[in-house]
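For clarity, chains are labelled A, B, C, D, E and F in written order, and residue numbers in each chain start from 1.
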Amino acid sequence: MPRPENRANDQLRPVTITRQWLDHAEGSVLVEFGKTRVLCAASVTQGVPRWRKGSGLGWVSAEYAMLPRATHTRGDRESVKGKLGGRTHEISRLIGRSLRAVIDYKALGENTILLDCDVLQADGGTRTAAITGAYVALADAVEWLRAKGALAGEPLTGSVAAVSVGILDGEPRLDLEYVEDVAAETDMNVVCTGDGRFVEVQGTAEGEPFDRKLLDGLLDLAVKGCADLTRIQLEALAVPPVNR
Amino acid sequence: MPRPENRANDQLRPVTITRQWLDHAEGSVLVEFGKTRVLCAASVTQGVPRWRKGSGLGWVSAEYAMLPRATHTRGDRESVKGKLGGRTHEISRLIGRSLRAVIDYKALGENTILLDCDVLQADGGTRTAAITGAYVALADAVEWLRAKGALAGEPLTGSVAAVSVGILDGEPRLDLEYVEDVAAETDMNVVCTGDGRFVEVQGTAEGEPFDRKLLDGLLDLAVKGCADLTRIQLEALAVPPVNR
Amino acid sequence: MPRPENRANDQLRPVTITRQWLDHAEGSVLVEFGKTRVLCAASVTQGVPRWRKGSGLGWVSAEYAMLPRATHTRGDRESVKGKLGGRTHEISRLIGRSLRAVIDYKALGENTILLDCDVLQADGGTRTAAITGAYVALADAVEWLRAKGALAGEPLTGSVAAVSVGILDGEPRLDLEYVEDVAAETDMNVVCTGDGRFVEVQGTAEGEPFDRKLLDGLLDLAVKGCADLTRIQLEALAVPPVNR
Amino acid sequence: MPRPENRANDQLRPVTITRQWLDHAEGSVLVEFGKTRVLCAASVTQGVPRWRKGSGLGWVSAEYAMLPRATHTRGDRESVKGKLGGRTHEISRLIGRSLRAVIDYKALGENTILLDCDVLQADGGTRTAAITGAYVALADAVEWLRAKGALAGEPLTGSVAAVSVGILDGEPRLDLEYVEDVAAETDMNVVCTGDGRFVEVQGTAEGEPFDRKLLDGLLDLAVKGCADLTRIQLEALAVPPVNR
Amino acid sequence: MPRPENRANDQLRPVTITRQWLDHAEGSVLVEFGKTRVLCAASVTQGVPRWRKGSGLGWVSAEYAMLPRATHTRGDRESVKGKLGGRTHEISRLIGRSLRAVIDYKALGENTILLDCDVLQADGGTRTAAITGAYVALADAVEWLRAKGALAGEPLTGSVAAVSVGILDGEPRLDLEYVEDVAAETDMNVVCTGDGRFVEVQGTAEGEPFDRKLLDGLLDLAVKGCADLTRIQLEALAVPPVNR
Amino acid sequence: MPRPENRANDQLRPVTITRQWLDHAEGSVLVEFGKTRVLCAASVTQGVPRWRKGSGLGWVSAEYAMLPRATHTRGDRESVKGKLGGRTHEISRLIGRSLRAVIDYKALGENTILLDCDVLQADGGTRTAAITGAYVALADAVEWLRAKGALAGEPLTGSVAAVSVGILDGEPRLDLEYVEDVAAETDMNVVCTGDGRFVEVQGTAEGEPFDRKLLDGLLDLAVKGCADLTRIQLEALAVPPVNR
């Protein structure tokens, strides 16, 4: 199975990061990995959850969701079903952990930043696009706090980006789109910091269990992909934020 | 209180209708009434709900929701709270009824079209923008069915559009944005067909009860606004749909 | 289709308002519009919801529900299903808004009055009967507060009553009962104050969209019906409340 | 603590059974034990729950609930809370078991009778009033089925009634009202058939554990009370049902 | 139907009480009535529920649940279904009431002891095993509090044990196992204090209503069974608790 | 921080696998990793979930839960809260995927095996103990199906075991217990097949992001630990199952 649109195995899909896509949010990004489109909104609130009050430390968390018609066939709304599915929970937790890996809670002060990652259209890699876009929205929200004089230092200790990799026909491929994801024998999501260290490594054998050599190949490819995404994030953030 | 950006009392905000905003949905529209932005996706499924099976008649319904950070301050997700709020229910029902008013179920055949209206950004008038955009997405979904040869006739008996009107400082204004909505003494949502008849009239005294003369003025203004929106819908639909 | 029991088109069904139907509630009314029977109980509590604390203002709200066998065929309990349906939400909100239209929050002081409107038997017009009866229960609860010396003035700025109107065979009819409601082409619920102004106007085309002339006819009829109901409310309230 | 209104220890409160209180239900009773008022509605449906299909046997069950303002201070609606409380579940199950004790499923045929027992006002003994009234509604529903020719024999093998008994100041009392119930050291609900046998015996030490002699005294009193209630049920049923 | 394993009608199954089965809980017991196996864990927390704060009184409550594969065929998890069944509620409440019958709240001080009774394997009599085992876990938790110097006196005013009795082939049998329970005409659960008084008596006619003579026979048998269980509890508690 | 009880960094806690701990389940294992104790019950049902019917393929899934007092301080029951937490969902899905990695669906035929993994006591590593124990229960359930003649071949293509590894004070440690888990900088759960290939690799930086060298060290250690567990599983399965 060849890659759609003749992509090379180690090539990302076209990635677009549009900042300030929303007017009200303290940070907001529409991130696109090919046809995958995720809206990331950062909401700042003064104060922290109850269990953290008085600690002088801030908090960052995330919620992930998909619009019902993000997918090829419509899915039922979780709000109508009355409960969150396991997948939603799992990805929300993953995004939150990934972002917290580059946060200095003390410098953030007793402020909370909540990242809402809503998938408008899904074509594989929604969780990795969400993490990559959410970091940029988070950075803008941090600037917003800085402009208010509400920070006690630099809360961002680095950047994070995420990418999926997988084995198809025995070969590692970077940034799987939907048709590849479905066909992959092994699927791995990797979250890296901007300096190339690992925050999360989640690999799953969808078919055959995989050996150490394949695992090593996947990790190499993922590190490369995250480095590419880090560059794209930096470019997006290089433009000064429009005044609001 | 003057209108923001010197709008005339009988003037709509800038309205934009972008068709085929999504790749998977059978019809999709990003509709904007000023800063209010609603994504309307039409999903076609063969067959109808159980209570309608074997009737030869089709079905159209709608679900409305708001992204948590569509608003000035973030709202909790209804999926996390585990239940739909009354406002969500009420607006979903209103959109469904409005669209069904221009549907010939027999011509639709035993097909279901579900309209998802997700508010990406809210600045007043989200329900009227949703109805106005959803009609266009519905029309595209009907064309999609027609192209498949799945229709038993023309299911659209007309068009629908909706607009809000309200009284501020004793005067009727068209298409209230958020700051006006909050300040309005009376608030009315009106759904009209393209030929100027009423589908829904919902008026509420927020402060003082209103008299017949004010009501008449509001209705006149709403009819005018719906006519303007009908023209914008027709222009948007005049362009032939891009092949997919 | 002639009206059941030879009612004139502008004639209400027999309306009965029985005050103090319950022993514990601060105000209670069994209201009957023909076979429609709604029990309205007003519960007074000192204090207001959290978001209103310290404002010096009172609060009034309502909850509407139907007993499972109020209807011709039994409906499932919402408590058993674990969630409120959209219709229940919508009507509860309507009743609350209608009553609040005649409340001076300042005069009420930091007290809350909650109106429970439970439909014991349904034969069309349950929401309009509920509003009409709830007003009387509210008035009794206000008297109860006055007797306690807990008011800061006169909280009632007027009275409210509500009635349904509809088009059958092209003609407007007042106060539809169930068989008429099902057959109506257009259905409208109107809430008026005792001095004939509008609090809510909710009209829906069930079949054909309706034109301005029909709308005007319906509004005329509704205003007349609300005036009749206002008279009946006043008569019911003329009798001094029995001491408890 | 003397009994309110000088009741004798072995005396019931005034008991009223009003049949056909509702127009739609196949059987309906407003039962009053003093100020306790329960509306019992019997709903007949053809067919039985899935697990019983094809067995040739019928089914009888019950649901108990309380209106929010049945009590001295308003209780939250279970439909709003989104779940049934333990007490509601427990009493619903008790009523169902009690009625099924006098049902011949075979004679009932594959029909289901569901008894809704809604407490309109509570003053102690709501569950025993519910059972006593529900039996009469059930008997009317059985007659309704008989008139339709839908029975395979006589489904009622007897009658059931229920009463509460308790110990106050060391002495057994019959049919406790609310103030007594709260003060009772031991509280027992007993369900008997018309021929004086036991269907349910549920005794609870609220304070001190009780000995065999007290238990025997309570049982004697309960048997007497059930016999009185059986007589009242028979009198209520002696009048032929009004034709509908 | 003879008793399995030739048990005499008035004979308990082999009963085992293993204390300190868990390492973290302040009291814990694995109780076995034949193949029925219930894990009872007592959790102590400082403070009491909100409605009891400042009263100087303690609180004891219980939660009962069954592992999905405790039974012959697997049952769905209540956590997955999202609500507690009526039976679970009912038994949790019964266990709580039974234990509270031997608690002096004042001596307990403002401490709460919560008993979790989780059925690992079910073979009839799970609620009576739970009560019998929970008492022992409660006693250990009380000792734990005493060792902390957190008590204001002796909170245990006695002991409680519970047993089921039933009628099979017209004869009373003690401590029914599953196959007997299913076949029993009448089923009764009795909770007694160590000095032979009653805390709860819950008898249900599963088939034929039962007369006073049978009831008396069942009560006699239950009192005997509870006395046997009291002896077994005392033996289990005679061993001093292992230091932790 | 030295390891409790002088464990070597590459040493497992004492691991015990007790088969047939339950009488009703088709396979059941009490697995202990030190003080962590998980009850794994395999339930066989004929047939498969609806979406798989008629495919000729079997299905295996898992549900994970924790008793409320498995932990040092009691957690609320998810059945009482009315929804599953994210962690529960996530682990249930992980166990299911891990077991399915060694299943030949065709050989299993249209049978479903559901593994319930209930944590009776938690001291770190509950998910890895659950996977390791569940495999053994699954193997017994497969034997049960084989004895029934219900298999179409050998459904087990291998074995699976799982272990946690983590970095403390910069050094990799195997099979973390609770106090170590809390202190670890990086935490990884690894699921391997008996032949040493990977099924799942889930690593998370709790504090500092980790580099490739540490990751490699953790993977080496995990592979070793899984090999040890595989040996213990084989020993446990070497004993022929007791006849039931």
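Keep in mind that, in the parts below, a residue touches a chain if its C-beta (ideal position, glycine included) is under 8 Å from a C-beta of that chain, and two chains touch if they have at least 3 such contacts.
This is a predicted model, so every value here is computed, not measured.
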Comparing residue numbers, which of A-F, D-E or C-D shares more than half of the contact pairs of A-B?
C-D
Would you kindly say which chain has the C-alpha centre located farthest from the C-alpha centre of subunit D?
A
In terms of CA centroids, furthest away from subunit E sits chain B
CA centroid of subunit B to CA centroid of subunit E, Å:
59
Just give me the whole-number Å value for how far the CA centre of subunit B lies from that of subunit F.
51
Subunit E and subunit F: spacing of chain centres that average the CA atoms, whole Å
33
So which bits of subunit E are touching at least two other chains?
82-84
With touching defined as stated, please give the ring order of all chains, subunit B first and subunit C second.
B, C, D, E, F, A
Using the touch definition up top, name the residues of subunit C that touch subunit B in the complex.
83-87, 89-90, 92-93, 97, 101, 158, 188, 192-193, 195-205, 208-212, 215, 219, 223
For the subunit A and subunit B complex, residues of the former touching the latter:
22-25, 28, 35, 39, 41, 43, 45, 63, 65, 67-74, 77-80, 82-84, 88, 114, 116, 118, 120-121, 123
